[in-house]
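Structure first, then comments.
The first chain written gets the first letter, and so on, giving A, B, C and D; residue counts start at 1 in each chain.
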Amino acid sequence: MSKPKRQSGVESAPKSGGKVPAERVADLAAASRILAAQGVVDGFGHVSMRHPSAPDRYLMARSLAPALVTPRDIIEYDLESSPCNAAGRGSFLERFIHGEIYKARPEVMAVVHSHSPSVIPFGLVDVPMRAMFHNAAFIAAGVPVFDIREKFGATDLLVSDGAKGVALAEIMGKQNIVLMRAHGSVACGPTLEAAVFRAVYTEVNARIQHWTNALGDGRPVAALDPEEGRLADALNLGAGMRAWHLWRTIVRKQVKW
Amino acid sequence: MSKPKRQSGVESAPKSGGKVPAERVADLAAASRILAAQGVVDGFGHVSMRHPSAPDRYLMARSLAPALVTPRDIIEYDLESSPCNAAGRGSFLERFIHGEIYKARPEVMAVVHSHSPSVIPFGLVDVPMRAMFHNAAFIAAGVPVFDIREKFGATDLLVSDGAKGVALAEIMGKQNIVLMRAHGSVACGPTLEAAVFRAVYTEVNARIQHWTNALGDGRPVAALDPEEGRLADALNLGAGMRAWHLWRTIVRKQVKW
Amino acid sequence: MSKPKRQSGVESAPKSGGKVPAERVADLAAASRILAAQGVVDGFGHVSMRHPSAPDRYLMARSLAPALVTPRDIIEYDLESSPCNAAGRGSFLERFIHGEIYKARPEVMAVVHSHSPSVIPFGLVDVPMRAMFHNAAFIAAGVPVFDIREKFGATDLLVSDGAKGVALAEIMGKQNIVLMRAHGSVACGPTLEAAVFRAVYTEVNARIQHWTNALGDGRPVAALDPEEGRLADALNLGAGMRAWHLWRTIVRKQVKW
Amino acid sequence: MSKPKRQSGVESAPKSGGKVPAERVADLAAASRILAAQGVVDGFGHVSMRHPSAPDRYLMARSLAPALVTPRDIIEYDLESSPCNAAGRGSFLERFIHGEIYKARPEVMAVVHSHSPSVIPFGLVDVPMRAMFHNAAFIAAGVPVFDIREKFGATDLLVSDGAKGVALAEIMGKQNIVLMRAHGSVACGPTLEAAVFRAVYTEVNARIQHWTNALGDGRPVAALDPEEGRLADALNLGAGMRAWHLWRTIVRKQVKW
């Protein structure tokens, strides 16, 4: 994988990993709109997909509010998060979240970054997020919290370069979710559909845990245990496609792709 | 009632219980969309109706997100939850919830299964759900909680076969609602309209109880007592049709059936 | 005011108080839809208006979900809540709430009954509702709670006859709001617009008080005092028309009246 | 800057500061609709913009619900909040909030006043609002609370004259937000877009802080510290335009300006 010279004003763009089926590009654009419709992202947040035939490339929208993304807004990046085909289109400052996770986790095929509001409290206080129901089963494996301050001191909180992306990916480890203190969270998965599903149900799970916590007021909470989590997550990877089918159908009624 | 041989690859489908009026099939499809519009179901969840003239058959959509269901998606099942007329259409994994309740409870004519988010906390902590207002009166009779782990150990949480359906129906007993730990809930009733009404107001009641619990902070809660519950529930079975009329009218504006 | 013989099968209907301007009837129908759009009523709840030229008559929709009401659904009643012009149209079981308040409170010109969900907890636990901001100023005068059980024992919770309506109006006293235990609430005012405004901001105020209560956790709450309440309520009766103008404009875009 | 004689019935209107580009007037009208769509304002609340070429003038809609504002509703005011071009159009009673902040804070170019419901509790109990995530970074500098009662005794809570506006601006000091006890809040910024962004994320931040507070139950909260707040706020002034672009695009689909 070629590493572009970051400091040079005339660096050449990395080569493309090859053509991606139009349907998959459309699905990625639709994923942005789905996340907006589900309240996971607002004007901010982004979803990416590893290039289906070139593991050292990934696809992500140009810097644009998720609800407005179209297939024409999708840019290809190398794993240093340098655009292959920007053609004047601006990139998200935090694309390094995606690039560094793809580098560290070869099995991950899609990544969602969001500021999903119900999730943020779990990155601010020392109460672990747990899996409240089977749709959020993947959470039962544990939810690490990344505090950018530990390694980088006072910042604007953004994961805006490779070093910060590496640090985030390290905290994430083998999990499929990581919370970012005073910022948001990242969910990933073995398919685009799985990553979107997990981002959506992380937010739903957070809402349910807030109410469970208030209702229980210190009583034990019969959340999924890790084995239940493993079994239900395996099921979700298949059955979750029913939700994707619904969400994709709704987007298709609004656009022609 | 013929019991199909589950293990056989060439088992024959059970016979149909006879033709169902198109209007009732349309109402069942509409019930799916109503539950989605009311926030009781999302990409998941299902509603069924006992066959109006064959008590050993029931009707339910093929495996499809509730908001997308049309009358053409309705499949007939026997009480073993084997499809009479699948014709290549997939079935919900959890249809056994429905089949086993119809078997155990001859007076039940409709069943709703959902993951209604405000309800889930009551299946996770030891705080009983109570009837906060007259629309949720049926809750005053008591709300049992089914924990699949007690009998089946670590699972994917789904009620995906007859044995699990039987266990769920046993815990439900004579009530018209049962919570499922770390999963969701089931509501049923003597008519399709009543089951939908109860599913909707179970979710509303849960939201009200969360706030009442927080507001009261340990003070006594003047919920409906069982006798008030009995009287108000009887009334709801008639007056509840006003809500059904509203919901059905809205669906009718969106589809032609 | 003629008192119809309730038991008689052939009782004659009370006389009409005279023609009401079509614009006012349309406003009353619009008020139903406004309350539905604002989340104050769902399939249930109702709003009425005293007859503008006959103080011993009032106007209210036939038994119908508020979001569906049109001017053709408006029925005239005497203060015994007997319809003057039902013409086969069904009446709300709880119209006695309205009739008895009009009887007891000559200055009240409109009444809203709802099961507004954030309000219900304040009727279930012994924590008084207070005015959290100036829009809900009328609450600062105090919010009585009616428990139907005290006088009538176990019931279906409905105010379904004159005696129950009288008891409710007595508890309401001189206030413009009364909570109904395990049921809902009633708001009234000197104009239709004021009663709708108060019903809407009672619900908003309840939501704000829930969060204030949780945030404060026992700390003092700097709610409006009675004098601030009096001053701000007087202002709302005028300035509140800005909200009515918005809501009425939205209804007008959906219907032709 | 000419000071009109307030008591005179025949006072002449102050002179206009000159023509404002139609696009900026349209943006201001759109800002009203954006704030309504984002749930920051309802029938009440207002946003203003300092005149782009005359620092002693500002622009604000006539007294009208924010969701209905069009460019034709924009009025120009001097800093005494006297209209230059009312032409029979009514003014908001609380325009003095805007005029007095523009006087006291030369760098402020836009002001939003709202009754944003999640924010109100922080003005009622002694718990400071803190910045829960980077989008609300400007809150990390501190959030003063204005209690109108301290200087003016029992009032209708409105900032309805210059003296009250001066008192509010004094409490606000150098911050870009001030809460108003039992009323609402004010957010301001160096551009129209920044003030709208801050008003929106003040409401979002308040929701997040409510849940963080409930979840933490007394545990430390790792909110943004002032230095993180300063860095992230600087970033938001640029990156926040992505949200404005989304919101403005949505308004543009609904109107022709």
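As a working rule, a residue touches a chain if its C-beta (ideal position, glycine included) is under 8 Å from a C-beta of that chain, and two chains touch if they have at least 3 such contacts.
Computed from a predicted model, the values in this text were never measured in an experiment.
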Practice task
Work out the mean Cα position per chain and let me know which chain is farthest from chain D.
Solution key: B
Practice task
Compare the two sides of the chain A and chain B interface and say whether they are made mostly of the same residue numbers, over half shared, or of different ones.
Solution key: different
Exercise for the section: Nearest 5 degrees is plenty: how much rotation brings the CA atoms of chain A onto those of chain D? Expected result: 90
Fill in the blank from the handout: Per the C-alpha means, the centres of chain A and chain B lie apart by a whole-Å value of 34
Completion exercise
Chain-centre distance (mean CA atoms) for chain A and chain C, in whole Å, is 48
Handout entry: For chain A, residues that touch 2 or more chains besides their own
Key = 214
Exercise for the section: Have a look at which chains touch which and call the overall pattern line, ring, star, complete or other. Expected result: ring
Handout entry: Pairs of chains in contact (touch as defined earlier), listed by label
Key = A-B, A-D, B-C, C-D
Completion exercise
Listed in rising order, the residues of chain A that touch chain D in the complex are 42-44, 63-65, 67-68, 93, 115, 117-118, 120-127, 147, 149, 154-158, 181-184, 210, 213-214
Completion exercise
Within the complex, chain D is touched by chain C residues 131-135, 137, 204, 207-208, 211-212, 214-216, 219-225, 227-228, 231-232, 234-235, 239-240, 242-247, 249
